[in-house]
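First the structure, then my questions, so here it is.
By written order: A, B, C, D, E and F. Residues from 1 in each chain.
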């Protein structure tokens, strides 16, 4: 019986000490890590649509509305799209203007083959998305004809499709949810009214 | 001077990767670039040294029956500390090492050294052993990574070393390339040993 | 447990971020500790303590380099099934030494033996051939066909099975194709002895320098015709007659030394007509000399001397007849006063 | 897709497509170390399957009901490895007592498994969100643990088969042992590439 | 010893077959395919094949020199490995491709394990897998167009092309720019089908038309004679069958592996072949056995002595395994063709198969 | 007639043309003979004469030293000049009784039993034992032992082995051609001794004339049949022959009597006939001296112990350089270091080869081509046995069939890598025996 308690208590002691230490470390790293995460996300958004402030909308598709810092005018939307590529999910963050034309995109997380699929993170690839509309988001191998298409990465069509199709699908969803949301509908109404007024 | 001896043995004579063949998972997974290799090596060395110190301190108060769970708790704590601190202070490297930071816990080298060395030696020698093994691990990892990064990407520590016209041999960055590269390095070690 | 019951309901955001995890993990540890303690008690098994000792001696890397399932597996296989003790790569020589101690392999306590060939033939120029052999290059395989390719069907076949069997690299083959055993490397493991189909290799004490270099049981004229070096034992018995301690017997035309009796005096080598007996210490033997001051005349040495080279009266200082002394050093160790030196 | 269909695709994925050893780089030390003989490989494989299944179950419960409710996810590594170590040791003792025969063929591999990163790997992967953001439930975690173990055993056996065959050939001295084992692993990984990108 | 009689163990007679003549006979059996390849793609095919074969021989000789063992390149096995490796790459591949492949095949695939007969997997296929993993884009594109006819082997490229070009430039690209199996694979991809034509119904219709066309008699004829896109050695089923017949006649290969391999592919593609939306085509199994590398693989690569099981039953299991995997990879895998990976995979399984099918001695009863 | 056969096997060129057409010729009396005390399976015979004794042809000079052993008789008359080691027809040397002939061939007395068919079985067996007959198909098992099966193993079938599947050899062929009737009588005697109902004579398809002749002779005998056999080596091996004739499988490690069969060589049957009818001891047999270097290949009726050199001389010597001398057939026979050895009771042939035929290729790496596996009539994995022996893995060798191999040589015959499979297997058997001994 004594041995029982002895073993149990020793292990208990070690666990407690270890946990205490970890909890302590965690208590000051956690805020930092969270801050870093938030900052990264914010940085990414800012990179996509500079000089804006963002408002998060959660729902079927979570996205951010970007407004001009000064005019508070809606500049566009950012969101994260995801689809399975060659080696796992590929996450892309994209920004579109209010006509749903792509401002720019950034592949933020992927586990594709180095040298092939990973090339999707390079500006050479992402830059071609700039200014594309929904209809132009077809990979050339799938019949799209440049410049109205996305040129596939050499030897990595699967990754290319994953990025293009994910963005495409998300824009579709975004459109749907934007038109539903009364607030934004009102906003766009007001801008429309403004234009009419002009 | 046994401190020096324990320190240096891990680098060549008892290199954890080439000679003892432990800790293969991180070796192969994180040696795609020299940068990753150095990061992983450093993280593992830190854990190794800390756990060696600690375990050699507590070796006398742990009953045999729960030795392994206790050691494992000690190691896991240091690993988590590394994990959390890396996430907080060097997020970029943390991201690219991914899953393999928590797996340092089971990196066979660490428990292996705990059992084989720290369990039986004093603190000072355990520190030396930890540093030596850690350095050996880092060194071996970097050698593998050097070959893989150069052949598979044409770069070394992200510096372009091969001409633009070089069409990288992707396989070296993939699983089979990792195995084969390490296999040949070990064969080379064997050959050198035979020559001697 | 009680702690758990009390604190769990309190676990709210306000609960310190430190106390709660400590309690949870502590409880986990406690539970596991108790379970293991319980298991250790209930499921205790008596195992061979040597296994435990060996486990302790092994580095515990559980690397599997020994081909066994981890260190414990290796340890039990050493104890139970005679697995070689030198398979642990990480443990190296140190581990081997420790295991040897545990397993009581006391070979080192005896006088060291080394392997020695009992044939002067073999090699490219030292063998007479019966036929042109074509087949597996192994002595064991070759001797099965028409009594082996060499004329002497007791002699060395020369396909070096012995060399291949030696894991310590103690056997080398020179450019003549002759085999040599490096006494320094030989551990007397006996692998070569078992490998030689002609039984030409025997383990003899390292301290003996006289060897009969032949295993031929052929009769006199034939033996010489068959032997590649023409230095066979012809069974003439001169050596046996010369041996002061009757260590040599001739049986079936072949002389053999009983090393338990042999005093390494080398006399037999001097009389062998075919030079079949070699004595690596020939000419290097010293003669005994008695320090008269120390000698108390106990006569022990005189009794022990195989050639009666020592003479003297009881309680008188003894003297050595240098011509009769053969340098076997038998007397030296026996003298109670350490009065005998070899010069 | 019915339950069986889902199970089938999980099995294919765990054994062939995302094999722990060849595709995920986990569990390499025992894969290289205990693959010299088919018999030992089989024992090791069975032990790994058993421990992976058990570990999946226990770790899932601990994560889901002890860590998540109190926001202690950062303690997962510590809690998991502690659980695995205790589990392995417990199982070892039980087997040693109750079935010496089984212990001889299986138990001796158990200590090796604590340090097998595949076990911790599967526990962590089980609680890692999938591509669609969902996580496995208890049943699927256990199944995933089991099938991953099967995948490990499968390649371990194949490797042991080849290495046993290579015992009977004249390999260059410097290649014997680890080097050829590693190169074989590379070759096997290449052979498994045929399943890459498979949609089941 | 010259004047002595030779003494050796029985038997004292020997069959005339030697390693050397087995290997060179396989080379002979492979040459009709080379003739066809040169006919369709010009001398580049010959050049690449020679580059592969010669570099394999040179690599083997160099390594054997380094290892200080007898140089045995005259036995032809290295030549054969190099040749088969080259047969596994596209005639449009860059010149260094067969060299890199051969060096890897011989060095890593064969000599690491001590050379002839010791390699666990087929060196030529390992070489191919290496090339595919190292330079995937070069290995899966740039197919050379055969002398007459379309790459994909569609019977009537021009007639459909007229329609296709008007209907969908994309479908036109597909049939004229890839190998037959790639076309089939793409047609099975729903996202492709959906994207050929804005009108979904018409898209499916078009896909079906292409598919039916590819399994028509005329197309099969192209496949049989080799008037298609593909690797150097898989050009013509006819040429390969010719060589195979020679090997069977010479008793160099045994019928079990090819028969069960091709048979399995035939039966499985008969059962699982119909693609989504496309009607059933009775010719589909024929398409599958003539397309891609199956003939080359079944007769020349799965039969590689070293890497296939020793026992007769083992060979049957091996061949069925190859067939099954080939069909699985072709139908649901990430690659259009599965022959090389399925053989490689089964090579890895070979020791286990041998173990399972250990024969019982004559007169031994089951325990 | 449908030809019967067995699974596996090879097709070496039969090369019988050298001596097939040469009728049996009496060889001249040798000047000296060496009668080995061990020409059979079982314990060596014990000499009953000493150096200096005068002996008659057919006189007992060594007697059986146990149940499985054999009587030996002087094959010429003369004087015992030595009892020492002499070269044995299997290439080694062993104890033999040397007799220097007086050139007169004075015989012991023979009889001619008119009613020999009606002798009691025990007397028949005694005469066989007294005559020192052992199997003449090569293995040399004492015939009277084989014909005395234990009570619980009833024999219902006797098969005469007239296959002669070894290339080159023609001694059984000539015997069957010239002494067909006596062989059939021998078969009947054997059947009577073991109380069998059915008798077969197995003959390979390359001897159509003998098959026809035998069929004719047996057409009136309901219980005797000729079995035509496909041309395939090793058709003559006991288990394969039994399978071909009766479709019975002798259990591995078992004897033919386990399936109720006794197999005897046709020469043995002839010797049994002579022994029972005339009480004639086995002192001579038919041997083919053949091969391309032999000037005049022949089938000789020669005395046991005659040196091979004398027989070759009688066949006109050699016309080209001899590279290899084979005692027995080329598939299972022994290569000899010289022609000094004398023929034994089991010597059915002496095959000479020229240097080109004799030269073997170097052993290469095993390709794992499985040819050896495909041809092995015992259904073993020869390549694996050989590799396992080479790398000292006896367990695996046994698993792959080490102990079931009958050393027929089919595997080594086909191996493209020229691996000396049979020699490896032989080595393995020796190692295995050593290991077993060490265990005890």
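The working rule: a residue touches a chain if its C-beta (ideal position, glycine included) is under 8 Å from a C-beta of that chain, and two chains touch if they have at least 3 such contacts.
As the structure is a computational prediction, the values presented were derived from the model and not from experiment.
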Quiz item: What chains do chain E and chain F have as common neighbours?
Solution: C, D
Self-check item: Selected interface, B-E versus B-D, where C-beta contact pairs are more numerous
Solution: B-D
Quiz item: Which chain has its C-alpha centre farthest away from the C-alpha centre of chain F?
Solution: A
Quiz item: How many angstrom lie between the CA centroids of chain B and chain F, rounded to a whole number?
Solution: 69
Exercise. Could you give the separation in Å between the centres of chain A and chain E, each centre being the mean of its C-alpha atoms?
Key: 44
Quiz item: In angstrom, rounded to a whole number, how far apart do the mean CA points of chain A and chain D lie?
Solution: 34
Quiz prompt | Sites on chain B at which at least two other chains make contact | solution = 21-22, 65-66, 69, 73, 76-77, 80, 84, 108, 112, 170, 174, 176-177, 180, 183, 187
Practice problem: Return the residues of chain E touching two or more other chains; collapse runs of consecutive numbers into ranges. | Solution: 4-9, 108, 112, 114, 117-118, 130, 133, 136, 138, 334
Exercise. Would you mind listing the residues of chain C that make contact with two or more other chains?
Key: 21, 24-25, 28-29, 32-33, 36-37, 40, 62-63, 65, 130-131, 134-136, 141, 144-146
Self-check item: Chains that touch, pairwise
Solution: A-B, A-C, A-D, A-E, B-C, B-D, B-E, C-D, C-E, C-F, D-E, D-F, E-F
Exercise. Spell out the residues on chain C that touch chain D in their complex, using ranges where they run on.
Key: 11, 20-21, 24-25, 28-29, 32, 35-36, 39-40, 42-45, 62-65, 67-73, 76
Practice problem: Spell out the residues on chain E that touch chain F in their complex, using ranges where they run on. | Solution: 4-15, 17-19, 21-22, 72, 75, 114-118, 254, 305-312, 358-365
Self-check item: Sites on chain A touched by chain E in the complex
Solution: 86, 116, 138, 142-145, 154-156, 158, 161, 165
Practice problem: Note which residues of chain E are touching chain A in the complex, please. | Solution: 136-138, 140-141, 168-171, 173, 191-192, 195-196, 334
Quiz item: Hey, which residues of chain B end up touching chain C in the complex?
Solution: 14, 19-22, 65-66, 69, 73, 108, 112, 115-117, 119
